[in-house]
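Labels run A, B and C following the written order; every chain starts at residue 1.
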Amino acid sequence: MTATIKLGELAEFLGATLRGSPEKEITGLATLQEAGPAQLSFLANPQYRKYLVDSRAAAVLLKAADAEGFAGEALVVDDPYLAYARVSHLFDPKPKACGGTHPSAVIADDAQVDPTASIGAFAVIESGARIAAGVTVGAHCFIGARCEIGADGWLAPRVTLYHDVRIGERVVIQSGAVIGGEGFGFANAKGIWNKIAQVGGVVIGDDVEIGVNTAVDRGALADTVIGNGVKLDNQIQIAHNVQIGDHTAMAACVGISGSTRIGKHCMLAGGVGLVGHIDICDNVFITGMTMVTHSITEPGAYSSGTAMQPAAEWRKSAARLRQLDDMARRLKQLEKRVGDVTPGGNASSEG
Amino acid sequence: MTATIKLGELAEFLGATLRGSPEKEITGLATLQEAGPAQLSFLANPQYRKYLVDSRAAAVLLKAADAEGFAGEALVVDDPYLAYARVSHLFDPKPKACGGTHPSAVIADDAQVDPTASIGAFAVIESGARIAAGVTVGAHCFIGARCEIGADGWLAPRVTLYHDVRIGERVVIQSGAVIGGEGFGFANAKGIWNKIAQVGGVVIGDDVEIGVNTAVDRGALADTVIGNGVKLDNQIQIAHNVQIGDHTAMAACVGISGSTRIGKHCMLAGGVGLVGHIDICDNVFITGMTMVTHSITEPGAYSSGTAMQPAAEWRKSAARLRQLDDMARRLKQLEKRVGDVTPGGNASSEG
Amino acid sequence: MTATIKLGELAEFLGATLRGSPEKEITGLATLQEAGPAQLSFLANPQYRKYLVDSRAAAVLLKAADAEGFAGEALVVDDPYLAYARVSHLFDPKPKACGGTHPSAVIADDAQVDPTASIGAFAVIESGARIAAGVTVGAHCFIGARCEIGADGWLAPRVTLYHDVRIGERVVIQSGAVIGGEGFGFANAKGIWNKIAQVGGVVIGDDVEIGVNTAVDRGALADTVIGNGVKLDNQIQIAHNVQIGDHTAMAACVGISGSTRIGKHCMLAGGVGLVGHIDICDNVFITGMTMVTHSITEPGAYSSGTAMQPAAEWRKSAARLRQLDDMARRLKQLEKRVGDVTPGGNASSEG
């Protein structure tokens, strides 16, 4: 299950400058601190440079500048972290799909499954679905009617696609993810919620990754749209008709409400929540657990919430916070009165 | 997969006043801006009235007041949004279950499945379960021992019901939802958590909807109870022995802790969290991501959290917030001292 | 489905002092208020003592001190809540697995399944997996290559283990949980996210419980580690390379970011979020929905967030909060000016 690759082969694969023996055999990857004598390591973050000299690693991916003072074997590259990302797949113990369709799978007569695709045990593929070349559909997956999965996609076991979900090439979907569920659409009449059929679909671009137990709802009328290169972590909620721009990444537990549009190259940290029907421009970074209640029109970093305190102090802060409006009025009044007494007048900067 | 329905038939279905040709054929639904010449649209929100005149829609669902100045074809109704909800199901491309039991399903000998129910591929139905008329059980569903599913229910693929879950009529459950999981009950003895068997069940009323990957735990002793007409969005957590009143709706990512009771006609926005063992009265609206730590006894809207700011400003606010108790004491002292000096005395409104 | 057990047998099982008839038959458990004449109840929380006198329960688990003034039948124990936990399993209506392997299960030739284990319908067990004695693998479970499940584990229907997940003894995993998913690891190069293979595994100790739809990601290089006796509620996210110390418990909807380490005997209430790469020491309690952005080095209770208010008041507080930095500066200025005027000088305690 573990590959053995020669250092010279890795140098060639990466286009790296090799400092050391091309015949040395590498069997895996590890951090500088944990690497053994047959493992490759990397130095990307300068704060780990201190571990370089004592590392037992067989060789280290590093920049030319870091290689200068280092006596060990090295693969010198421009971007060690990216190089590590690229070689990591060579040492991945993840089982490869064996190709073909498991005899237990249930596939509709008019579904089109490329002969190079792999379909796992107990998978269900419904009418009119199209599975392109090189796709892996894991065990227990459900692929709804008329879905399309582009070339070289990888669906972990137990992924559900409702009907009319169109997925680009090289898309990875982790276990438990549900794409195309019926969004939360109801018309309230005299206190009773009447369901609105969700007749739109979902369109997912190329090179997207969708995490464990993440939900992407289908559109109410038009489609929900996930751009190229978008990366969604686990336990995320994407409501109906959300649009996510190319190469935006979201950490776990983010929730995006209906019809909100997010630009390109944004980053949302864990637990962020966005209300519906707002626009977030390109290149926005939102820190963890921020509550976003209005559109963002300028690139940059945004936050909400309060800093953690010992619970006893926090209770005082929380109580004082409820007096804040009163405090502000008292402060203003005091400024006015002091202004009446002292020569400087009212110094308030309040508009 | 798309229906074609004449305008006259839609008028009759809705009890609407038709202004236009009853023979005109409608093939789908779209917004005013996106509708093509064979699509029906609707005007419910006044802010979209500006799109009415230029809409290419075949016809528009609207109120009599909005119909007056409109030259196009129209279906005049009292509540256009409700009318849209009702007709939306006529154009839903969702595949209908074909009826009968898929040969791969595993059904206990003593389970009762109505002959008009549809049971999907690889479904498992355990001993003593009862599936009523017109129910759809999707592929990969697991229906535990002694569960009951009332007439015309619709379970998406891959829904799990543990044992002893009783569900009313016309209930919709989306993929990945788990009903009846074992709640988080442990007795701590000398630092070790000892599991408490969760011997209660779950009772779900009529016309309930439960979203993707939502969890409703079984009761510890008595049952967890979801009232009639309750709508739960995706990724929600309902802990053991929670009770939810009729026609209450919750948006995605809400978490309700154990034994909390929520009234009727409440609305919880996304990401709201409630502690356990509290009561929320009827007609309460809680805004997104609010932390609810005590009971609510008056109808109305409730909130917590802080507004989003650019991260640099937020860091200042967060730091100042930790000084708030100190600021409050200093303000009071200042008021006292100014009161000693100026004629007006202490103006504090603090109790 | 319900057991009938004599009071004398229960006393013997618990090592309790019986006050009443050993022949009395008990058929179930209920609270003091709801118990009928064949049900056992318990008094653990002093605030429920008022319900004791009128309880119709067949017998009550209670402490010697509470037994004194009580005329009814009782089982006197040191810790009534723990005693309730222990007897609860005797009355659990949860179906027992019937043993053996369901004929529909797909098991790799080289997987090792103990003959006393139970494997449910449509389960998939991959190459090299090892299932120990007394383990229940529910229907629709997926057990990846080389996974190990220790003796007497219980996996609900539809649990997914990716490859190389090693689980201790007596571990309970609820439906929809996914262990070993690929963590969120990407190297950004010129705005494009490049996936990093997640080559580590997951190691889970003995007596762990993992809730409905909870996700525990595999390690990026080394393993993700869950200690002995850890209890994770539903909808939790555990990112790659997190380490959780023994007997720590987390309520629902908690999110832990990558490489964070949590000590032993900690308690995280619902909705808490932790950033990555921090350390939480032993015996820390974090209240609900707290945002933890730095390490905690002292045991104790910690909180963040603001208290809920009626929405109209909250809007004022939220607006004032954005003025807080300005208010702090004005207060300081005022103190200075008042200090110039009044005899007492500047009373600020600000550092």
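Criterion: contacts are C-beta pairs under 8 Å (C-beta built on N, C-alpha and C of every residue); 3 or more make two chains touch, one makes a residue touch a chain.
Chain identities (UniProt): A, B, C = UDP-3-O-acylglucosamine N-acyltransferase.
None of the values given here were measured: they were computed from a predicted structure.
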| item | value |
| --- | --- |
| Same-site or different-site touching of chain A by its copy chain C, using the half cut | different |
| Inter-copy rotation, chain B to chain C, in degrees (Cα atoms; steps of 5) | 120 |
| Centre-to-centre distance between chain C and chain A (centres being mean Cα positions), rounded to whole Å | 25 |
| Numbers and ranges of chain A residues touching at least 2 other chains | 104, 122, 140, 158, 176, 213, 235, 253, 305-307, 309, 321, 324, 327, 331, 334, 338, 341 |
| Chain A partner contacts - residues on chain B that touch it in the complex | 1, 28-31, 34, 79, 81-82, 84-86, 88-89, 91-95, 102, 104, 120-122, 138-140, 156-158, 172, 174-176, 209, 211-213, 229, 231, 233-235, 247, 249, 251-253, 265, 269-271, 288-289, 305-312, 314-315, 318-319, 321-322, 324-325, 327-328, 331, 334-335, 338, 341-342, 344, 347-350 |
| Complex interface listing, chain B residues touching chain C | 104, 106, 122, 124, 126-127, 140, 142, 144-146, 158, 160, 162-164, 176, 178, 181-182, 184-187, 189, 191-199, 213, 215, 217, 221-222, 235, 237, 239, 253, 255, 257, 273, 275, 285, 287, 290-294, 300-307, 309, 313, 316-317, 320-321, 323-324, 326-327, 329-331, 333-334, 337-338, 340-341 |
